[in-house]
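Next come two complexes, and both contain chain A; in the first it sits with chain B, in the second with chain C.
Here is the complex of A and B:
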């Protein structure tokens, strides 16, 4: 399957989904008005990936800002990842936040409590 | 000539650091965010404050943008909105004003009143409930914006609806971020 590699813009995040390594990264700013149109290709990719994943998948969120419409999409991504441990594969989510950025840390905790995937909060 | 100095003086006296009136287009939204980002950087604000101000502003502007998409195009003036940012000794104030269809007013009031009645723990629960139960929509967060603003502000959301003779209501909102 093809990898997805997108450069970040002022409104949309950098995306690096590497199916061969099992490493997925979303970083930067996710503040588009219409988040679904941005995230839909990522959802489709993940639906394919979870059918034939690597034994270990690492998913990193290294976001500076995200808007509330992106938060729905982030949760949808995390929910798709729940399929991995359900099927006996390893998955680890790392949620990065800057030291002192309480809100980004708190957002990580919110997501952590809503999903059933190993989830680490990492202070940068 | 209009009295520029009196406008300037008033904004100076009221600690206004940014004022904008007009239509919030997609490109403009990006520019305003960039401008505010630069100013916050310049003022060496604490990362926590900087991110709160930016996030609240972002949700406010995207709300306005979404309302604009719903308003009828017959009256271009209705698409004009106002944005003001004040920085006093103790806090930032993000203030916006825009037209909304009068039918939307009761729902909006209800939403803000509900959020204003919740403490931080209850807001967190409410946010997670809305986040996990409602599907994403094209225009955004099914009301997550208001809850998020209240969480980030930590204070009450002040609002007002002004009836206009021409039909739409003028909706203004003020969110405070303490420094």
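Here is the complex of A and C:
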């Protein structure tokens, strides 16, 4: 299974999905014009990954800003990750936010309340 | 056949709704099937409700964030406008001061020129007087006896003597002008004014003839 490594741009986030290490990272800005076009390859990758995951998977969200449609895509990613603990694998989501950035912290709490995966809010 | 890319982020929810509608429109109303589908629809609805809640909150926060950014931009624009007005006022004040300084500088330069001219004039007068005295003595001691001996003139014939002394007296003013002009020229060379600036000290009238 191939890794995904994408450089961040002014509109799309940096992506580093490492299937060999079990480390997944999404960071930066996520305001693509067509969110589903950007996130669909990541969904497909995750569908494959959850079939044969590493025993421990670390998912890090280090986002600066994201639009509403990206929030739906983030939810879909988190929902796919719910399948890991369901199948007896460990998964940990780390949601990073800047000190004083209450918006990003609150968004993390919203996501945390909705999914059944270990979820940590980490102040940078 | 490759899987078709969904058109929007709610593709799955649309599928769920389409499926529910197709069952409603169908003729098979088996209780177990209906129950299973209803359960799936409820589950999907619950997910969608959760998504809608989160997205609404995210959207509200984004809106507030944009409002804050907008307010900040407006405030920055106001600050910039104030700074621009302040700079314009200061620039006008600087221009006024520059003009005042230029006027004062011109006045000062004119005064300096006048002072220099006066000083040089005094110096030239002194030099001219010294030259006249020297000429007078030269005339009395050497020139007059020489002329008298050449033309065999007696002591009582004072016309030549008068002519010589008169010439010396007449030469006083031209010598004064000439000395002043040369001294001024030296001063001008030392100060080295820009070429664009018109010279304030001119050669005295008749200086060319005298040189």
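Here, the second predicted complex is superposed on the first by the 124 of 124 C-alpha atoms of A that agree within 3 Å, B and C clash if a C-alpha of one lies under 4 Å from a C-alpha of the other, contacts with A are read in each partner's own complex, and residues count from 1 in each chain.
Here, contacts are C-beta pairs under 8 Å (C-beta built on N, C-alpha and C of every residue); 3 or more make two chains touch, one makes a residue touch a chain.
These numbers were taken from a predicted model, which means no experiment stands behind them.
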Worksheet item: Does the chain A-based superposition show chain B and chain C clashing or fitting?
Response: clash
Item to complete: Would you sort A:40 into first (chain B), second (chain C), both or neither based on which partner it touches?
Response: second
Worksheet item: Touching A:100 in the superposition: chain B (first), chain C (second), both, neither?
Response: first
Worksheet entry | Which of chain B and chain C A:110 touches, first, second, both or neither | both
Practice prompt. Check whether A:10 is in contact with chain B, with chain C, with both or with neither, and answer first, second, both or neither.
Written response: first
Item to complete: Return first, second, both or neither, reflecting whether A:80 touches chain B, chain C, both chains, or no partner chain.
Response: neither
Worksheet item: Just one of 22-30, 58-66, 130-138 or 166-174 in chain C runs into chain B once the structures are overlaid; which is it?
Response: 58-66
Practice prompt. Go through chain A and flag every residue that touches chain B in one model and chain C in the other.
Written response: 35-37, 65, 67-69, 71-73, 75-76, 103, 106, 110, 114
Worksheet item: Considering the complex alone, what residue numbers of chain C touch chain A?
Response: 5-11, 47, 50-51, 53-55, 57-59, 61-62, 64-65
Discussion item. List the residues on chain A that touch chain B in their complex, please.
Written reply: 10-11, 31, 33-37, 65, 67-69, 71-73, 75-76, 98-104, 106, 110, 113-114
Response to the item:
The residues of chain A that touch chain C in their complex are 35-37, 39-40, 65-69, 71-73, 75-76, 79, 103, 106-107, 110-111, 114
Worksheet item: In their complex, what parts of chain B are in touch with chain A?
Response: 26, 30, 33-34, 46-48, 51-52, 54-55, 58-59, 62, 65-66, 124, 127-128, 131-132, 134-142, 144-145, 148, 151-152
